Amino acid sequence: MSFLKIEDLHLNLGEFFLQEIFITLQQGDYLAVIGPTGAGKTLLLESIIGFWKPDRGRIHLVGKDITDELPEKRRIGIVYQDYALLPHFTVYENIAYGLKKKEKEKKRIREKVNRMAAALQIDHLLHRTPTTLSGGEQQRVALARALIVEPKLLLMDEPLSALDPQTRREARSLLRKIISGSHTTVIHITHDLDDAWALANKVAIFKDGKMMQFGLLQDVFHCPTNRFVADFVGATLLEGKVEERKEGFTIIHVDDFHLVSLDESTIGESVRVAIRPENIVVCKSIPKDISAQNIIRAKVEEILSEGTTCVLCLKANHTAFSVFVANNAVERLDLKQNDAVYAVIKASNVRIV
Amino acid sequence: MSFLKIEDLHLNLGEFFLQEIFITLQQGDYLAVIGPTGAGKTLLLESIIGFWKPDRGRIHLVGKDITDELPEKRRIGIVYQDYALLPHFTVYENIAYGLKKKEKEKKRIREKVNRMAAALQIDHLLHRTPTTLSGGEQQRVALARALIVEPKLLLMDEPLSALDPQTRREARSLLRKIISGSHTTVIHITHDLDDAWALANKVAIFKDGKMMQFGLLQDVFHCPTNRFVADFVGATLLEGKVEERKEGFTIIHVDDFHLVSLDESTIGESVRVAIRPENIVVCKSIPKDISAQNIIRAKVEEILSEGTTCVLCLKANHTAFSVFVANNAVERLDLKQNDAVYAVIKASNVRIV
Amino acid sequence: MIFSGAGLIKPMEEMRHNFEQKHNIRTDVHYGGSGEIFACLAAGQPADVFIPGAEKYTDDALKNGWVIKETIHKLVLHEPIIVVPMGNPANVNGLMDLTRPGVKVAVGDPKAPAIGRVTKQIFEKNGISEKINPNITVLAPTVNQLLIYVALRQVDASIIWKDLTSWAEEKGKLEVVPIPKEKNIIQTIPTAVCTNAPNKELAVKFNDYIASEEGMKIWTKWGYEPCGK
Amino acid sequence: MGIRALRKISFFHLSFLSVTFFITLLLLLAIGSLFFVPSWEDVAQNIWSPEMRYSLRLSLITGFISTALVMLFALPIGYALSRFHFWGKGFVKTITDMPVAFPELVLGLCLLLVFGSTFVGDFLNSIGLNFVFTRKGVAAAQFFTALPYAIRIMKSTFDYIDPRMEFISRSLGYSQFETFFNVSLPLAKNGILASTVISFARCIGTFGTVLILAGGSYMKTEVLPITLYLNISYGNMGMALTSGIVLMVVSFLAIFIFEKTEVGF
Amino acid sequence: MGIRALRKISFFHLSFLSVTFFITLLLLLAIGSLFFVPSWEDVAQNIWSPEMRYSLRLSLITGFISTALVMLFALPIGYALSRFHFWGKGFVKTITDMPVAFPELVLGLCLLLVFGSTFVGDFLNSIGLNFVFTRKGVAAAQFFTALPYAIRIMKSTFDYIDPRMEFISRSLGYSQFETFFNVSLPLAKNGILASTVISFARCIGTFGTVLILAGGSYMKTEVLPITLYLNISYGNMGMALTSGIVLMVVSFLAIFIFEKTEVGF
């Protein structure tokens, strides 16, 4: 039996429709929901928690239909995008509020709150009221409030967005620890793909109220099923035709070159293959003693610098794809625009979608 | 004459002190303010705009002391961390509100608002009220409201935090365009170092109410003056002693090896050198025909994967430092823990601070 | 349950007390302005005895069939007098002075409080209704207002009941200018038993008691003049 | 509310709604019972009498004028009490609340003492503002009766409005006055509505204050509550109750129309 | 407010403050002038009379009880009117506002008609709740006089509270009742304060309603406004004004203490 099952959810808000959402999660799953702003991610969360009544579709939690259940009966934890701390409570009371409902012993409440606050480095703020906190502090209070009740299902709406990279890394590892310890099932909305990489095992991609793809992290990131998802997760999607199959390899004809993949397919079929930019290695000369099956000659069209990393836009005849490298690599290879390079891709990284 | 001059600003909030802030900006400067959460970044902004009255220190704008000026006389634009949209106005009215004060002609207001909204992709939301918007939509409305009045000084508190990577990139280039066009001076608080890289020419780093370092972007990121800043911007800081100077090179003895730097120093002096992790190239064998002066033998202590990138923790005898590479590089070099590698660093990237 | 005009509270309280002792029962007296207790009757509130401040109310009640005609007794006299603020700023010494131009006079509305009708009649009797009209600053619906206006020096003169003046006179707020008997019209305070009295027997007893010799003694004690004969 | 939240009928809803309907029913019964005392011909006939028309008109005119004045004063005062810190604020708050506690008679007396023959009264007289025994006095009496309510409600309303919203408007270059009109007032809409409803109702309903200050003279300073009282004194219950019914109908219509304009946030 | 914002004295501040102080001064003058009408011996003597002590005690007791009851009803009703959508809501809002517009005499008559000899009255009588001409009636009269104000203020207050705050409490497992007590009420603090102040003041100050429903029985249903009225009616203005002054002092103290408990957000 699945833990959470969302079946054909529809929500009509006049100008915006959330439609045909099907999500099934097992206990312990960690789902990252990503998508451009205004895609309906928050609305999905608010539907699950019971803030909105769906126009169609049912939501089942542990086999029970909770679509019409009162919010207080659902026992779902939530971290809101705008924190939504209770302004008349102190930070301590905010964190302890949910706990008090489950745990009657004062001392144990105090202990737990202190432990959680210390882990999130907000223990010096416990006596303050939320309005005097900075953005990141408020966000961690909201996180603590949701985590401390150890809900079976935890929904988080960009819970780390206001944190600096260091605090965010710490919060991530704390999240991982707590969640794996208590077998919590999590739905985590994020704009930071690193959050997804670091925490999630499943990913759902939203756009304009529709779910574009839902599946295991590896599948979605490596085998995006359509151009939007590919672009969004930064993968390159190429159209091709299966030409040959031999020794477990599938050889695909793509525009101007051939690709070798480990995925199976039938000869003659039109397929799409996905390649992640960080799985492509760029060399200036044909590398020796390398196990990769694909070596493609290409030209550097553009070098986009993004802080400490770079995206190389390459073009092999008419096919464009991008490669992701650290700045140092550009320097080391002494890459310049219009240089000729070789893109090296392992067969296992060429995925038929 | 400097455009903005903050002199010895102090703000005492009982539990939190903002102290000894000195900032000088020229017209057209773009200052990125970074620092861990709760460092006092927002308070700095709120002091400049006039929400808080400083306990000590003065703020000068274009030579005029504005410390005691009424907020409406300062003409400073601001994007708040929590957007602070006016709930009784539509999106259109929110964006047009500040403009109406300057521009009387209805038609021109409408034109300008439409253009700005289109650039930020919120033109389909103009008739809505802010409460019905998603987080990222609200943020873009706040951004539009501040940008449209073309203030001489623009303060922005994490203005891109709620946007997905794609929209964020677009917003950045929009920002760059508008700001360079109107010679706006900007103070931009961010947690995303990429924002700083992409936009800023100056950086200020805050911690616990104090400004740890302030200077040009390159200086701060490449020559952090203390460990905290180094850690925060991800650079490695090493202690050493200047042993020799020849041909414009400074040779520094660091613990177990020597480093060659282009920066000047006097022999015998104890110095600290900073190296950015993306400026270190890792090879498995001593590379040939390379112009870099520093080649250090080291051992791979740990490989930390972060989504599409990796941090390699290296150790040369007793000195630890880290290197930043894309995932593909790890794969290409077939790096494993405890492998012996060579770290290659250009002399120009070894900075004496 | 007795409905009584609020101005009669002092003697009423004493008589009620005595009556309770004598018959060993409890009574309730509900005080209010004559108009208000009349309105309570009109609202159908059961009452036993009805003692308003002027005959007019009893007459009206009789017309509506709320009181029993046979039980109407006239109790005590109610004497109108002229009151002026302390020091008599307009130098009013008699009815005729009220007609002097510039004298501000407050009188009761001729149709509303009992004093209003009486005042009008006095003016008519003395043939000054016409001349006084320009001087009338305010037509008040309640007699209390008249007292207040004079005591607070808002008008130069007014005509009110004599029994209302004791405190203000004593405290030096106002002066009394009596109206000679022949020019005056003296009213009486009536009592009557209500038609739908819940305790008709006792009601009749109380009604008689306050009109009796013994009752009259108490009225006199509080400065009222019996009208009996 | 604009939000279409999940609404499963719960015990909570039921209990709160039943309290609401219980009180509504009780009030309805109380209000309605007055309708059945006078006969209908009586009402029909009285309603077109010149006296009734006069007092209805005066009630409406003075009611509107004094409500407008009340709001004109209550808005800045409520705002000042909510936002500014000044010496003696606690005292000012108490003084502006106090008149609510006064029986109308007392408030009337107080106003009479001030506007009567003191220097204030004399001064006002000299600029043509004579409040004693005049129609202006009716409006003045209503004004002071309703003002304390309006101030208190507006203060409490402004307390609930985030001062940062105002600050934002100022940082966009609007002066404090402009901000007050552009931001504070629109955000206080619901509170302004509440205090306008209460002020208007209080204005047309007040009797004692008007009676003492303005005199309550027949067809001169006669507003509906005075008509009611006068006619009770005349023994003319029909007319009295008719004016009561007119008052009810007027207030029902006024309040109903007002409440319809309400908006959610 | 907790915030220590920049405060440069501006024309805006000055103008709003001067309106505030102007009205305060006027009210102060009005209130104060009453103190100078009676002589001090008179007041001193009257203040200790058994009648005064009785009516002061009764005023306080009934005032507190009815204020408590008013709030007990106004909170759920105000909440229901603000949060729930139900059929006939506009009508209910209007009906609960209406009594504000009634002259006290009319409201008293309405209550007398309902609690008098109708089935409602008979039913209440049978369970020992007799409101006509009793001390219970005093509280009942005060209750119905003050309730409409309290409901209206509470509705407007709840309008300003973000329903999401309540939703959060519910999502943490608290029932709607618990949420109401843990979140809605504390957030409505300032509004509750405003309506309590107004209710209490209205309760101890109302005269006409009490007079008609509970009757002005000497030393029985005699509250301070009734003392005032009865004494004026037989010309004892000294006693009347003393009770007026006592009423002022009581309301001043009560309101002052109440207002001191106020908190900012």
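Per-chain numbering from 1; labels A, B, C, D and E assigned in written order.
As a working rule, a residue touches a chain if its C-beta (ideal position, glycine included) is under 8 Å from a C-beta of that chain, and two chains touch if they have at least 3 such contacts.
Bear in mind the structure is a predicted one, so any value in this text is a computation, not a measurement.
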item: Chain whose mean Cα position lies farthest from chain A; value: C
item: Farthest-lying chain, centroid of Cα atoms versus that of chain B; value: C
item: Which two chains share the largest set of C-beta contact pairs; value: D-E
item: Inter-chain centre distance, chain A versus chain E - centres from mean C-alpha coordinates, in Å; value: 57
item: Separation of mean Cα positions, chain C and chain B [Å, integer]; value: 90
item: Approximate Å spacing (C-alpha centroids) for the pair chain C, chain E; value: 34
item: Multi-chain contact sites of chain E, meaning residues that touch two or more partners; value: 3, 5, 7, 10, 37, 105, 109, 113, 167, 175-176, 229, 232, 265
item: Residue list for chain B, restricted to those that touch at least two other chains; value: 50-51, 70-71, 132
item: Overlap residues in chain C, where contacts from two or more other chains coincide; value: 36, 39, 43, 148, 152
item: Chain D contact footprint on chain C (complex, rising order); value: 34-36, 38-39, 42-43, 56-57, 60, 106, 109, 111-113, 137-142, 145, 148, 152-154
item: Contact set on chain E toward chain D in their complex; value: 1, 3, 5, 7, 10, 12-13, 15-17, 19-21, 23-24, 26-31, 33-34, 37, 73, 76-77, 79-81, 83-86, 90-107, 109-111, 113-114, 118, 120, 144, 147, 149, 152-153, 155-157, 159-161, 163, 167, 175-177, 180, 190-191, 193-194, 197-198, 200-202, 204-208, 224-225, 228-229, 232, 244, 247-248, 250-252, 254-256, 259-260, 264-265
item: Residues of chain B that touch chain D when the two form their complex; value: 49-51, 70-72, 74-78, 80, 84, 86-88, 97-98, 101-102, 129, 131-132, 145, 149
item: Contacting residues of chain A [partner chain B, same complex]; value: 13, 15, 34-38, 41-42, 81-82, 128, 132-137, 139-140, 157-158, 161-168, 191, 193-194, 196-198, 231-232, 234, 276-281, 305-309, 323-329, 331-332, 344, 346
item: Complex interface listing, chain D residues touching chain C; value: 37, 109, 112-113, 116-117, 132-133, 211-212, 215-218, 220, 226, 229-230, 232-235, 237, 240
